[in-house]
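Mind having a look at this structure? Questions to follow.
In this document, chain identifiers A, B, C and D correspond to the written order of the chains, with residue numbering beginning at 1 in each.
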Amino acid sequence: MSLEQAGRALADEASRFSALGWMRGTSGNLSVRLGDEPLRLAVTASGKDKGELTHHDVVVVDEAGSAVADQPDPTRRPSAEAGLHARIASVTGAGAIVHGHVLATVIAGERWPKGVVLRDLEMLKGLGRGAHDDEVTIPVVPNSQDMAVLGDAFEDSYESGVPALIVARHGVYVWGEDLHQARHRAECLEWILQFHLATEQ
Amino acid sequence: MSLEQAGRALADEASRFSALGWMRGTSGNLSVRLGDEPLRLAVTASGKDKGELTHHDVVVVDEAGSAVADQPDPTRRPSAEAGLHARIASVTGAGAIVHGHVLATVIAGERWPKGVVLRDLEMLKGLGRGAHDDEVTIPVVPNSQDMAVLGDAFEDSYESGVPALIVARHGVYVWGEDLHQARHRAECLEWILQFHLATEQ
Amino acid sequence: MSLEQAGRALADEASRFSALGWMRGTSGNLSVRLGDEPLRLAVTASGKDKGELTHHDVVVVDEAGSAVADQPDPTRRPSAEAGLHARIASVTGAGAIVHGHVLATVIAGERWPKGVVLRDLEMLKGLGRGAHDDEVTIPVVPNSQDMAVLGDAFEDSYESGVPALIVARHGVYVWGEDLHQARHRAECLEWILQFHLATEQ
Amino acid sequence: MSLEQAGRALADEASRFSALGWMRGTSGNLSVRLGDEPLRLAVTASGKDKGELTHHDVVVVDEAGSAVADQPDPTRRPSAEAGLHARIASVTGAGAIVHGHVLATVIAGERWPKGVVLRDLEMLKGLGRGAHDDEVTIPVVPNSQDMAVLGDAFEDSYESGVPALIVARHGVYVWGEDLHQARHRAECLEWILQFHLATEQ
C-alpha cells in the first residue's frame, strides 16, 4: 500500500466514523501499517476535523510513534496517541488500528472497570470469536497522557484473540488485519456493548 | 425477476439496512425468491460489508440453502444462514426474507425469552395484523450455528400470520411477499419493539 | 398552490420525515390545503413507502376526507386517515397537517394518557406558545379505526392554540399554517417530549 | 472575513447542526465576529429553517446585538438572542458562538441546576481543559426572554476557560476562536454530557 493509498483509505474511514459520532471535535485517530522491520505506520494527522480529512492529512511514524524524517509534508504532526498505535501494532501484528471516542464503549468501561465480560453472542463472531461458550473479556485500562504508561497497561492486559482495548473515561482502540476488518470489529463491538448495557444491570 | 434484478434489489436494501445499523460488520443477509419447484433464492454473498454490495454479490441457493451448481460467479459463497432463509421460504411461502442484527429486537428477545407478546398497536397493521384486540406473539428461539436446529425451532414456533422470528442474542428474521414488504415489516417491528421496551417494564 | 406544487412539497416532506424514522413501513400521511368552500386537501396516497413518493402520489379529498371525482390519477386512494386530516383542517383552519408515528410522542401518550402537560420550556415557542408561565396540554385520545370516532375525540379534546393531537398507541397529528410550520412544530414537539420523558419520572 | 464568507460559513454550520437535531424548528442561532472596536458580529437571521439557510440569511449586529444600519438586506432581522451572542463575544473575546437546543445539555441542566461538574475525562481536552485533575463546572442559568437578564446571569456565572453556558429548559451556548473551534467544543460537550447522564445517577 502506497502512502497515498493509505491516506485515502484513512480519510474515507475517518469520514465514516465521524458521521457515526465516534470522532467528535478533532478526537480519535486511525492508522494502517505501511511496512515491517522497521515498523512504519501511516497515522491520521493531529488537530484536524476527522470528517474533513484529505489523503494529505497523514503522517508516517516509526515503532515509537514518532514522525520519521522523510515525510511528504514535514509540517504535519502525528497525534501523541500514535505511540499507542505503534505499540499495539508491534505487539499484536495488526495491519490497522482505529481509535475513537465511541460512547457505548466508554460507558461500558465506566460500568465494568475491571473489564467487560462477554459471552454467548452471535456478534462476537465479528470480533473473531465464537458465538457460544467462548468468554471474552474486553480489557479496561486507566486513562493516561503518557503513551508509555498506556502502552504498558495495554500489554499487561493484552490477551491474544481480543482485538480491542477500552481506555477508561476516554475511548476505545480496535484493530484487525486491515482497515476493513478493524472497522467491522469496531462496529460489532459498539453493537455488543449497546446490547450489554441495555441487558446487564 | 432476473438474477441481475435480484442482485440490484438486494444490494439496495442491504445498503439501506446497513445505514440503519442493522448489518454491522459483515453481519446479516437478505434473500429474494427466484423460482419455485424447485425453490431457488438469491441470497447476499457472505463476508462482505453490507453497505458496499454490488449486484454481483449474490448467490443462488436451493431449498437446503446450498449454492446451486450454475452460478454467475462460482467463487462466491452463500452465508451458512442461507439454510434458514430457505427453510423460512419453504414453510411460509415468503417472496423475500431479511435478516439483520436489529438491536431492539435482540434486546426484546433477551427480556422476553418466551416470546414477545404484542397487542393494540396501530403499527401492528404494518405486520399485516389488526390494530385492536389481535394478540401477536413474536417467537424467540435459542441461537445455534446449526441451521437444521434453528430451522426446527423456527417451525416449532411458527404461527401463520406472524412474519418474524427473533433468534436470541443474535438477530431477527422478517419476511414478506417481496423485498418492499419485508423491509416495511422489519422497520415496523423495530419501531414496535422500541415502543414496547420503553413502556413495558 | 397547484396540485403539482402540493405533490412536490408533500413528497419532499415525506422523504424528510421518513429519514427521521417517523413514517416506518407505509405509515403516516401528510396533507396541504388546496382550497376553501368547499374544503379541498391534497393528501399523500395510501400504501406507498413515504421515502419514495413522487409528486404524482397525491389524492385530492373533500371535507369528509373522500377522494373527489376529478383526480389526476383516479386509481390512487387516499388513506382512511384523510378523514381525520379533513376534520382537523375544518376545525382548526390549518393549512397543512402532518401525521407520523413519532416514537417519543407515542411513548408520552402511553405514560400520560390523560394528556401531556408542558410548561416553562423555550421550545414551546416553536408550537406558538409562551416559554414561561404558559401551561400547554397536548391531548391524548384513544386509537380507533373509525375516523368519525377519532374526529369526535379530537374535537372534544381540542383547545385553540394547541396544534397537536396524540393518538394513543398510534402516532401524532401536528398542524400549522403551511407545511413548513407544521414541520417545525412536529420537530419541536418531538424534542419537547424527548426532554419531558427524560426528566419527568 | 467578508460578510459573504461569514454568511457561507454560518449557513454550512447551521446545516450541519440542523442535521444533528440541534436546531429544531427555527431554533438556534450562530454568530461569527466580523470586527472589533466597535464589535460587529454576523448572526444567522431569525425565523428561518436552519437546515435551509443561504449565505444571504445573515444580519450584522453591534455590541448590543442590534442590527446596524448598513445591511446587505435591511428586511432581515436578527434573533433577539443576538443580544446574548454580543455579550458573550464582548466578555470572552470569542470569535464565534453557536447556540442550539442540544437535548443532552438541556437534560443535564435540568438534572444539575447549580452547574454540571465534570472532571477526569479525555474529552475535556476538546473544551481546552485538562483530561486529569481539572474540575470544570458548566454553568446553568435560568431561562429568560430578556437578554439583559440572561447576559447578567452569564457574566455572574462566567469563569475564564469554560467556553459554554447552559440555559435551563432552553439550550446551550458554546464559543471558541472561530466557527470550527466552536463546533468542535459543542460536539465534545454533547458527548461529555451524554456520558455524564449515562454514568452519574
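Here, a contact is a pair of C-beta atoms (placed from the backbone, for glycine too) under 8 Å apart; a residue touches a chain by one contact, two chains touch by 3 or more.
Since we're looking at a predicted model, the values are computed, not measured.
Enquirer: What are the mutual neighbours of chain C and chain D in this structure?
Expert: none
Enquirer: Mind checking the rotation angle between the two copies, chain A and chain D? C-alpha superposition, nearest 5 degrees is fine.
Expert: Resulting rotation angle: about 90 degrees.
Enquirer: So chain B and chain C: same face meeting same face, with over half the numbers shared, or different?
Expert: The interface is built from different residue numbers on each side, given that under half of them are used by both copies.
Enquirer: So, what's the distance in Å between the C-alpha centres of chain C and chain B?
Expert: It comes to 32 Å between the two C-alpha centres.
Enquirer: What is the distance, in whole Å, between the centres of chain A and chain C, each centre taken as the mean of its C-alpha atoms?
Expert: 45
Enquirer: For chain B, write out the residues touching at least two other chains, lowest number first.
Expert: None at all.
Enquirer: If you go through all the chains, which pairs of them touch?
Expert: Here the touching pairs of chains are A-B, A-D, B-C, C-D.
Enquirer: Provide the residue numbers of chain A that touch chain B in the complex, in ascending order.
Expert: Residue list for chain A touching chain B: 120-123, 126, 131-132, 180, 184-185, 187-188, 190-191, 194-195, 198-199.
Enquirer: Mind listing the chain A positions that touch chain D in their complex?
Expert: Against chain D, chain A makes touches at 21, 24-27, 49, 101, 103, 106-107, 110-111, 143, 145, 167, 169-171.
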